[in-house]
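Heads up, the next two complexes both have subunit A, just with different partners, subunit B and then subunit C.
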Partner chain A sequence: MTTTWRCFGQRAGLVAPARFLQIMELLAPSALWRPCEDLPDKVWTVVPRRARVMVETSGEVLGEWQDELEAARVTRSSIELWAADRSKEHVAVHAAVVARDDQAIVLPGPSGIGKSTLALALIDSGATYYSDEFAVFNRRGEVLPYPRPLALRQAKGEGRVEVRHLSPSELGAVVGQRPLSVKVIASLPFDPGLDAVDVQQMSPAMGALHLIENSVAARSQPEAILDVVARVARKARTLQGKRGPSEEAAQFLLRYLAR
Partner chain B sequence: MVPRIKATVAWAELDGEVVLYDENTGSMHLLNPQAGAIWVRVDGIASLDEITADLRDAYQGDQKEIGQDVADFVDRLIAEGVLEEL
Partner chain C sequence: MWRNGLVALPGIDVGARRRGQPVSQRPKLSSPQRRRELLHRRVGDRVVVLDTETNLAMALEPSVAAVWTALEGTADPEVVAEQTGLTPEEVEGSLVALSAAGLLEPLDSSERSMISRRAVLGVGAGASAALISSVLLPTPAMASSGAGETTNTNGPVAGASAASGSAASAGSLTTTATTAGAPGSRTSSPQPHSSGGLAFTGLDSHDDIVVAAGLIAAGVTVVAANTRGSAKRSLSQGDPQA
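Right after this comes the complex of A and B.
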């Protein structure tokens, strides 16, 4: 079966067994992913192989998996990155996003710095969930809901890391429904040696720098991306530092947001 | 000498500071307000002397000192690959 998905305004085709397409539908994070009738610009193909599935696109094999859900997650990420890199409508930045009182907090940074853990602590403290992996901005610089399941990493010793994916409903999270202005940009990687938050307020330009260095399409659309992240950073306050336990950092950020 | 911003460099000014992104290298730069004041005057038309005179008029500084700052800044950013000499 074939489905075309519209993701960040781009058309991605998926040729896959019906069951795989159903899994992809369940993983689609928001209205920014929706099936459409258009011809695709690029096609991903899922090939069942005995007890495994292989996924390929444009002659490149993404991998083979026994776990269809994991294969679907990787396929979704591959489509997201491709679409975000080409999008004329949206700017995707690696970041977690939550909100309180219609004001968004964006936590930019690469995987593994504790964004999801901090987002979870903020949700537990009453914040509304917007997104985990990507902050998605429109051209006006507003952040949109993109509520993928939170990916929580836990060290299991000997360099192994287990990743648990928790949906917003499993977290009991309230999911944001509409675009919001960003009030705080906070770069706060986890430091196990800290028992508090060690942070400084930075300039809007530093906020823009944090966003562009974590944006997906900086290299392919630098002027357009810089225009959007500058709009975001001009209206926001930027914090930079390190944090200890996520609960304390969450309380600090919510107090800071309320100032 | 007339300096010019390379075509591969995107930039934005925020509260006097300037963020630069070089799509060729993926490198980013943050210019403080003093450096930003020079950067925004680099338009591929104004010479170093004209940029210096404009800054002196705007900030009432010493022409020789400002001229040296402008020359050092332009040399450094040419070396960094974000400006070029026309």
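Right after this comes the complex of A and C.
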């Protein structure tokens, strides 16, 4: 079966067994992924192989998995990155996003610094969930809901990390519904040696750097990225530092947001 | 370090002003010009610049941003000083920082030498504050978690690397908070690049380290990195390496 998805305004085709397409439908976040009737610009193909599935696109094999769900996650990420890199409508920044009182907090940063854990603590403290993977901005600089399941990593020893994917409903999270202005950009990597938050307010320009540093299309569309992140950063307050326990950092951020 | 005229190098008299020589008679950049292809936007009282040749994004501190803005209409440092209200030394320090960061048109060899030496001497750099902070423009794979979560018990097999979604497969983005710069200043230079005539490819050679020291003195914080992007050591003012 073939489905074309419109993701970040780009058309991605997926040739896959019906069951795999159903999994993709469940994984596809919100209104930024929509099935459409158009011809795709690029096609991903899922090939069942004995007890595994292989995923390929444009002659490149993404991998081979025993677990269809994991294969679907990788396929979704591959499509997301391709689409975000080409999008004329949206700017995707690797970040977690929550909101309170219609004001968004964006937590940009690379993997493994504790964005998801902090987002979860913020949700537990009453924040609205927007995203765990990408802060998706429109051209006006507003952040849109992109509620992929939270991916929570847990060390399992011997260098192994287990990743749990928790949907917003499993978390009991309220999911944001509309575009919001960003009020706080916070880079707060987890530091196990801290028992509090060690942070300082930075200039808006440093906020822009934090967003650029994590923008999917920074190299392919630098001018568009610069326009949007500058717009976002001018209106936001930027925090930079490190944090200890996520609960305390969440309380700190929410108090800071309310100032 | 700035030594208030106690250090003199051939062709550069860093103590001239203190001895009463007019600034206009001191050796200076002949006509500093911004590189035309750079993208830049004002953000508050600073300017963010994107250099798509080196894949760096930079934030200019207010004095450097003021000089940068003034260079749009003039290439005369004295006019820049008048327009910005900065002292000639501050303008000069900003020009050194801009040039060292590769944001000005290429200099001839004598000017490049002057910049390197002034940068090493810290002329005009002022205290330890970083004048320019920079980060690397990421590739798409760098700017994502990747969905493969390669350590999952039932993760990809047959050599799968979670493909384009894996940050781990892309070379890690190096961002380091430095102790030398202004609070929060940071720089990553994980890839070899040429920067306005000052090239460094991984800080393996003595010359690279000298240039890096000059950049630091000029207010550009530097993180040493190998060509695959993993930081080897951080250099900053106060660091024995610098």
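The definition used in the following text is that the second predicted complex is superposed on the first by the 259 of 259 C-alpha atoms of A that agree within 3 Å, B and C clash if a C-alpha of one lies under 4 Å from a C-alpha of the other, contacts with A are read in each partner's own complex, and residues count from 1 in each chain.
The working rule: a contact is a pair of C-beta atoms (placed from the backbone, for glycine too) under 8 Å apart; a residue touches a chain by one contact, two chains touch by 3 or more.
Just so you know, these numbers come straight off a predicted model, no measurement behind them.
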Task: Put subunit B and subunit C onto subunit A via the superposition and say whether they clash or fit.
output: clash
- request: Based on the superposed arrangement, let me know which partner A:62 touches: subunit B (first), subunit C (second), both, or neither?
  value: second
Task: Considering only touches as defined above, state whether A:222 meets subunit B (first), subunit C (second), both or neither.
output: both
Message: Quick one: is A:70 in contact with subunit B, with subunit C, with both, or with neither? Answer first, second, both or neither.
response: second
- prompt: Which chain, subunit B or subunit C, is in touch with more residues of subunit A?
  reply: C
Message: Just to be sure I read the superposition right, which of the two partners does A:122 touch: subunit B = first, subunit C = second, or both, or neither?
response: neither
Query: Is A:182 contacted by the first partner subunit B, the second partner subunit C, both or neither?
result: neither
- prompt: Now for A:213: first (subunit B), second (subunit C), both, or neither, which partner does it touch?
  reply: both
Field: Partner chain(s) touched by A:104 [first = subunit B, second = subunit C, both, neither]
entry: neither
Task: Would you check which partner chain A:240 touches, where first means subunit B only, second means subunit C only, and both and neither mean what they say?
output: second
Field: subunit A positions touched by subunit B in one structure and by subunit C in the second
entry: 203-206, 208-209, 212-213, 218-220, 222-223, 225-227, 229-230, 233-234
- prompt: Which subunit C residues qualify as touching subunit A in the complex?
  reply: 39-48, 50, 52, 55, 57-60, 133-149, 151-158, 160-165, 167, 172-173, 175, 177, 183-184, 188
- prompt: Once bound in the complex, which stretches of subunit A touch subunit B?
  reply: 203-206, 208-209, 212-213, 218-220, 222-223, 225-227, 229-230, 233-234
- line: Within their complex, subunit B touches subunit A through residues 10-12, 14-15, 17-19, 21, 23, 26, 28, 30
Message: If we count contacts the way the header does, which residues on subunit A are in touch with subunit C in the complex?
response: 52, 54-55, 60-67, 70, 73-78, 80-82, 84-85, 92-94, 110-111, 133-134, 151, 153, 159-163, 200, 202-210, 212-220, 222-223, 225-227, 229-230, 233-234, 240-241
